[in-house]
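Input: a single structure, listed below in structure tokens.
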Amino acid sequence: MFLSVEKLVNEIKKDKPDPAAARALQEGLGGQFGEMRTMMQYQFQNFNFRGDAKPFRDIVRGVGTEEIGHVELVANTINILLDGASTAGGKPDQPDTLPLANALDGDGNIHHFLVAAQSSRPVDAAGNPWSALYVYDSGNLVLNLLYNLMLEATGRLQKCRLYQMSKNKAFRSTVSYLIVRDLAHEKAFAKALEVLGVNWGNVLPVPKIDTAKMPEVKELEKKNMHNQQWTFAKDSQMAKIFKGPSPFGDGELETLDGLPEGFEVPQLPMRPEEFAPGLDAGLLEKVGGITGKSSKKEAVA
Amino acid sequence: MFLSVEKLVNEIKKDKPDPAAARALQEGLGGQFGEMRTMMQYQFQNFNFRGDAKPFRDIVRGVGTEEIGHVELVANTINILLDGASTAGGKPDQPDTLPLANALDGDGNIHHFLVAAQSSRPVDAAGNPWSALYVYDSGNLVLNLLYNLMLEATGRLQKCRLYQMSKNKAFRSTVSYLIVRDLAHEKAFAKALEVLGVNWGNVLPVPKIDTAKMPEVKELEKKNMHNQQWTFAKDSQMAKIFKGPSPFGDGELETLDGLPEGFEVPQLPMRPEEFAPGLDAGLLEKVGGITGKSSKKEAVA
Amino acid sequence: MFLSVEKLVNEIKKDKPDPAAARALQEGLGGQFGEMRTMMQYQFQNFNFRGDAKPFRDIVRGVGTEEIGHVELVANTINILLDGASTAGGKPDQPDTLPLANALDGDGNIHHFLVAAQSSRPVDAAGNPWSALYVYDSGNLVLNLLYNLMLEATGRLQKCRLYQMSKNKAFRSTVSYLIVRDLAHEKAFAKALEVLGVNWGNVLPVPKIDTAKMPEVKELEKKNMHNQQWTFAKDSQMAKIFKGPSPFGDGELETLDGLPEGFEVPQLPMRPEEFAPGLDAGLLEKVGGITGKSSKKEAVA
Amino acid sequence: MFLSVEKLVNEIKKDKPDPAAARALQEGLGGQFGEMRTMMQYQFQNFNFRGDAKPFRDIVRGVGTEEIGHVELVANTINILLDGASTAGGKPDQPDTLPLANALDGDGNIHHFLVAAQSSRPVDAAGNPWSALYVYDSGNLVLNLLYNLMLEATGRLQKCRLYQMSKNKAFRSTVSYLIVRDLAHEKAFAKALEVLGVNWGNVLPVPKIDTAKMPEVKELEKKNMHNQQWTFAKDSQMAKIFKGPSPFGDGELETLDGLPEGFEVPQLPMRPEEFAPGLDAGLLEKVGGITGKSSKKEAVA
Amino acid sequence: MFLSVEKLVNEIKKDKPDPAAARALQEGLGGQFGEMRTMMQYQFQNFNFRGDAKPFRDIVRGVGTEEIGHVELVANTINILLDGASTAGGKPDQPDTLPLANALDGDGNIHHFLVAAQSSRPVDAAGNPWSALYVYDSGNLVLNLLYNLMLEATGRLQKCRLYQMSKNKAFRSTVSYLIVRDLAHEKAFAKALEVLGVNWGNVLPVPKIDTAKMPEVKELEKKNMHNQQWTFAKDSQMAKIFKGPSPFGDGELETLDGLPEGFEVPQLPMRPEEFAPGLDAGLLEKVGGITGKSSKKEAVA
Amino acid sequence: MFLSVEKLVNEIKKDKPDPAAARALQEGLGGQFGEMRTMMQYQFQNFNFRGDAKPFRDIVRGVGTEEIGHVELVANTINILLDGASTAGGKPDQPDTLPLANALDGDGNIHHFLVAAQSSRPVDAAGNPWSALYVYDSGNLVLNLLYNLMLEATGRLQKCRLYQMSKNKAFRSTVSYLIVRDLAHEKAFAKALEVLGVNWGNVLPVPKIDTAKMPEVKELEKKNMHNQQWTFAKDSQMAKIFKGPSPFGDGELETLDGLPEGFEVPQLPMRPEEFAPGLDAGLLEKVGGITGKSSKKEAVA
């Protein structure tokens, strides 16, 4: 079972809407190496775990539960990058601007406006829907760990590339956070293989980055977040593995019990031009009667 | 954020392995109207929710969080239906029986043995991988509720059909549980539309079943589980909607705070014929050193 | 625009239910070379037709409209092969037979029972959903005709293979009809290329069959149905091309105006074990009030 | 069986080519809630219909047959938006303009030029091919009606969003027509549920729009087209349901027998830069011999 | 560029046709971890290789070229398992046996008979078509090597499972060969990471098998084939890495220049019941005139 | 078996990076009518060939082996069009330019930068992954030849359209080469059908082009490359068919034994902004130790 905690795992900085950045960030949500994939892959490995090795299972389960929160974080970030983007102005050659005119701009994903009312979609940056073909679970412990290590490193590689595509602060705050967390996850799986006998030498982590050039990342690493792992569970035995020196020689691993305090979940306004939520005065009144707040009128476009 | 609670939401009865039933039950996991879909659909509707209507959002979020636990339940049930199936005997025309010979039986899904080491896969009963094309979120509140109602009813319809395909007790215990829970979810979305003004008359629920012929279902309905809804969250406002008479006239709705007590998560044994987890004596010793238990030897096939 | 004429283009013979034959026949409905594909391909070529060459367009449009009726015919045949299959008996090792027990039989497609209530699905014989990736329209007239010729020949090839898989009369009546009609369509496209200058020698038709061994096919060819083509339209100029000697030297082509007389569309009974249509006494009464017939009660399983 | 009537169901206004609008409109053709989907879904529900309830079947069949004509209408509109787009000019930084240079513009769909010779494709606005995974038929009458209602409302929602993306007159004329027709279809399915006992209150229709801001839509509604439904068949019993007050309280429903008069199907010119239809002087002469018109020469690029 | 050498890389033993084994072996051809995937993945990594590190590129290129031959080997093995399977007899309840009756048997893949004329298909054991979504190339050398290592180990794991599904000699000869070659490939990528600094301890290879129970595998390992690697190229620098002790401590690595001698490519007979190749007497005569052999008559079914 | 020859089959001219052209050219690599498809289709037809007709098999095998080299050529061309594209400058509104800022430009494929480190991907111009659904092998010789002819003509048609989209010299050199080679392949399959009895009249080739307007194409045709076919094999009997007058009346066919001399394979530099190959000083030193060259330092971004 799972419990929903109404907090985001990290704060999303405020900035201007940016549909092109939103489209790019979809890779981190519905991409082959995005958060939906890590979440589903680790949960399947957790459910299907064989043998008496709870600390290994708890690493997979704990990281996998953190990933559900990452899906939530990235979806919310995309929403913030999209919300209001359409009414901010239209195409230059259409003076009498239409509310959704810039949905036609090829730098963005038209489905963000046409299908999803200026919010996130379970697709990658090229618009391909997420597929369960991505999920890997071989039943073999060493292979699963090796794959997961590679998966986290690839996810982090892509986020480091995303970092260099846009300076939008909302975009950057989430991308930087994921760069740091993916590093912690790389360590979790690298360490699990280390305790089984692998010595990684200097090939890891991938990618090797210079955080001096990535101030948002450096800030988070100063808080040691790249060496910490919350259990996102009770009675977890993760700490039997996630402890001692980082397998990459950059600090001391630290298992934290439970989950972090978190940040407010952003609330999206009504968007009449998208008919979202599309309530007229009568329905708004009914909703107001339930929430106990006075009703607000929404103009229908 | 989400917290993993190491309990199953319902108990899985014990019975013989049954790969054909396992294959069928995959529809409830990775099918178009299965638990992966409800989970992802409701989470996306939750993340992308627009407007000031927290009780409506909390219904979607609460049911959506329960569904993560349903994914876990169905995956575990499939595992129990598969575990040991291959070594129970081979094809009749192969007297010197091979450990995985009955993987070739067309009534089952060969990937259960060849890819997943006798455990669950993110596919449907026909072997098609789950696709994010299934996820529906229009941004429009009435449409989302209408879709969710239809989705729960279709899921329940399919589970009622599954019920009539096999008497395997492990299979039946989970299928019956889902028939009851899907009914509660049907009510949640039907009620949310009712408070917005719809009167359903007698068209719902779908399907209309005679539980006198479904004793496992009747048993659970006696506990009123078809009228209850846990919040799977704190500070949920779900109860502002999920209360009062059932929209189908069959009892009184009841919102329960938090999550149920739950049942032990089954533990799968090692399967040397699948090389799962595939640890030799040396690696088992290392694992034992971490878990603090004396090592057990696993024979490699 | 299109008009629906409530008749089937051919008669479906009666025989026992046969889910394995139904599964096989799905290739003719939702397969890569099945009727959904020919229908969509020709309609797209029709809608997108370039240049002043109405007789060529009318061949594509006419055959493409016939194909909608073929989709209808194959779907109805699958329905007849499925209807009642589940209640005819269960698996031998389940004496206390369940209504849908033989849905688990690997020779059939479990979705026929679990998803579609014993009726047809838009998938192929291996269960893959139909995809618009199949549709070919290059805009180039010669290429389109060449592709269509190859498409009809491949469809006919597969139907000749299907013919040799089962003797079920319902199955055979439709398969034989399609073998004959696909031959007529092969001729339509071969002739259109012939009038542009190709001489086919003796390479066509594909496949070359001995109808002496296929009595149902021979029967239809005696009626010259392999040389006839209805226009399925008014004001068609198809006859400017589809006339004269068959390009395969086996008769004289004949264009017929409009559409054939047709046969009764079969009516499927209620299936309570599938909850289809799933109406209880109250709803049946309401339906009866509309149809003007006295209500019939449907037992809910 | 079906008959092809060589008329469009609505008139397409003339305007400048606009590949970005053409790409967007693809959602209405090959999108998950576009016309290919409604057409195939309703036809499958029609073919697979169970029980003695012809008026319900005839609603599904009638609307489903209208949808084939909608596929035709949208495809033709896309063609008009594309035709000549490539030769209208190139990218600003390529002074010596190439005939197909603006195919590279990311606002459009490159396949429109590269694959389809400036015409429509069976894909959505993001370029994903149409998939039969979209087709829903549960065999259960109430669920099918509920789904169809939701489907029409979602289609209409998307068309209302499209309306606000472009003012191109060809685009707008078809989008507006579909907004009106989808409303009539919403009513058809809402009414069918109403006669079974549902009272919709004020939640429908979805979306609720202000036609004062949508003059093209208002124009069509003045003709009462949002309350009318042609049978697109003979001997239809649709009128037993589609009559009386609109379930949304906005007029009186009216069933019309047969099909509307219709409008001329546009004819696309030859496009030598696309090699479509790609006939040289010799082949054009042969075509001319068949059509009975004097041959026209097509320059090959 | 590539050169086709008309030899198979290993010999396929003779045995009875076995469509169920053929279906299973498809995983090794078109599965996510099959030969089409390794071939395409390594070729893309080869084409896209960055930096001045030819020995690493030559390992990827050399193994990737061997894999084209593996695709050929597995396809040929499937063909041998299928050829003649249909005429060997029909279903027990169809006494007057049809030539293709056992195509309906659910243990096999019906497309083998219906689409491919008793030969191989680019799909996996569950019938899913191969997808380029499988191909991984990150551009990062360490990640690519890590992925390739995991890929070879997973492929070998699946082949070890296949080994235990059937004793058919044709099936076993190819499966055993691939178990040995995948081990050599595991070593190639493990060694490449070793020279960059990784010490694998005892976690590899995966899976750890007991070849005493796999005589066909043991036979090939006696020839040291699990430590050898042909370059499948000239001027390869692979040997700068693939040399010295095996990273798994089981022998000495050996790079061999060029390609092995190979074995005869099997020749498939005509199958009239499949209309393959489908030549009538006239066409056979023409073919005979070209090959210079006297024509053979093929009976058309 | 196959041998890798470290040469490109044609020379790629040098020009500026052009991500939009790279995206378009992906159609020639991973498109439905691109080189991955011809390669896989012909290899499957080769492996599955039935009957005693080696010259026909050798045509399929020879062209199919050339196609592997075409995959290589197109991938390399895309790489050259992409390499350095990201650092050449950013979006105009981002003065402090980011290294990967123009990855967000909708004219390109963002995956080229985000996933593939400025190199090729197995997808088409619209970003859809290559699918084995494209591969056609019916087992029927005439149909396979007819399909292959149509396939080559469609591939050539698309390349002629590509030619008119961009003047980039790297792009044009490869596109022009393929226009010529696809013509030779059209002739190969047209000739094979001709020897079986077809007379093509004047319908072929498709498309009919005016090479006077395509100087790069004309240049290659002057070398008679549109009438030549290398065997890409030893002991090929292709020449028994590919000889004599072109079936299109434009020269004399010529079979050449073996493979052409070829051109240098381009070498891609390190791209630190993509972390490709991502080696730090220590790892570069290790690589240098293996290659025997002094190490070069790569700055990490």
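So that you can tell them apart, the chains are marked A, B, C, D, E and F in the order they are listed, and the count of residues begins at 1 in each.
As a convention for this text, a contact is a pair of C-beta atoms (placed from the backbone, for glycine too) under 8 Å apart; a residue touches a chain by one contact, two chains touch by 3 or more.
Since the structure is predicted, the reported quantities are computational estimates derived from the model, not experimental observations.
*Asks:* Could you name all chains that are in contact with chain D and with chain F at the same time?
*Replies:* A, C
*Asks:* Using the touch definition from the top, how many steps at minimum link chain C to chain F?
*Replies:* 1
*Asks:* Strictly by the touch rule at the top, which chains does chain A share as contacts with chain D?
*Replies:* B, F
*Asks:* Go through B-E and E-F and name the pair with more C-beta contacts between its chains.
*Replies:* E-F
*Asks:* I'd like to verify one number: the distance from the centre of chain D to the centre of chain E, where each centre is the average of its C-alpha atoms, in whole angstrom.
*Replies:* 47
*Asks:* Indicate the whole-number Å distance between the mean C-alpha point of chain A and the mean C-alpha point of chain B.
*Replies:* Distance between chain centres: 24 Å.
*Asks:* Rounded to the nearest whole Å, what is the centre-to-centre distance of chain B and chain C, using the mean of the C-alpha atoms as each centre?
*Replies:* For chain B versus chain C, the centre distance works out to 37 Å.
*Asks:* Find every residue in chain C that makes contact with two or more other chains and list them.
*Replies:* 32, 105-107, 115, 123, 127-129, 131, 133, 138, 140, 142-143, 157, 196-197, 202-203, 206-207, 274-275, 278, 282-283
*Asks:* Which of line, ring, star, complete or other matches the graph of chains that touch?
*Replies:* other
*Asks:* Touching pairs of chains, all of them, please.
*Replies:* Those chain pairs satisfying the definition are A-B, A-D, A-E, A-F, B-C, B-D, B-E, C-D, C-E, C-F, D-F, E-F.
*Asks:* Which residues, counting only chain F, touch chain A once they are in their complex?
*Replies:* On the chain F side, the touching residues are 94, 96, 98-101, 103-107, 109-111, 113-115, 123, 127-129, 273-275, 278, 280, 282-283, 300-301.
*Asks:* Which bits of chain F are touching chain C when the two form their complex?
*Replies:* Touch list, chain F to chain C: 32, 131, 133-134, 138, 140, 142-143, 146-147, 149-150, 153-154, 157, 193, 196-204, 206-207.
*Asks:* Please output the residues of chain E touching chain F within their complex, sorted ascending.
*Replies:* Chain E reaches chain F through residues 1-9, 30, 36, 40, 43-44, 47-56, 61-62, 64-65, 68-69, 71-72, 75-76, 79, 115-123, 129-133, 135, 137-143, 195-197, 232-235, 237, 240-241, 258-260, 262, 267-271, 274-279, 282-283, 286-287, 290-293, 296, 298.
*Asks:* Quick check on the complex: what are the chain B residues that touch chain C?
*Replies:* 20-21, 23-24, 27, 32, 105-108, 125-128, 157-158, 160-162, 164-167, 202-203, 206-210, 213
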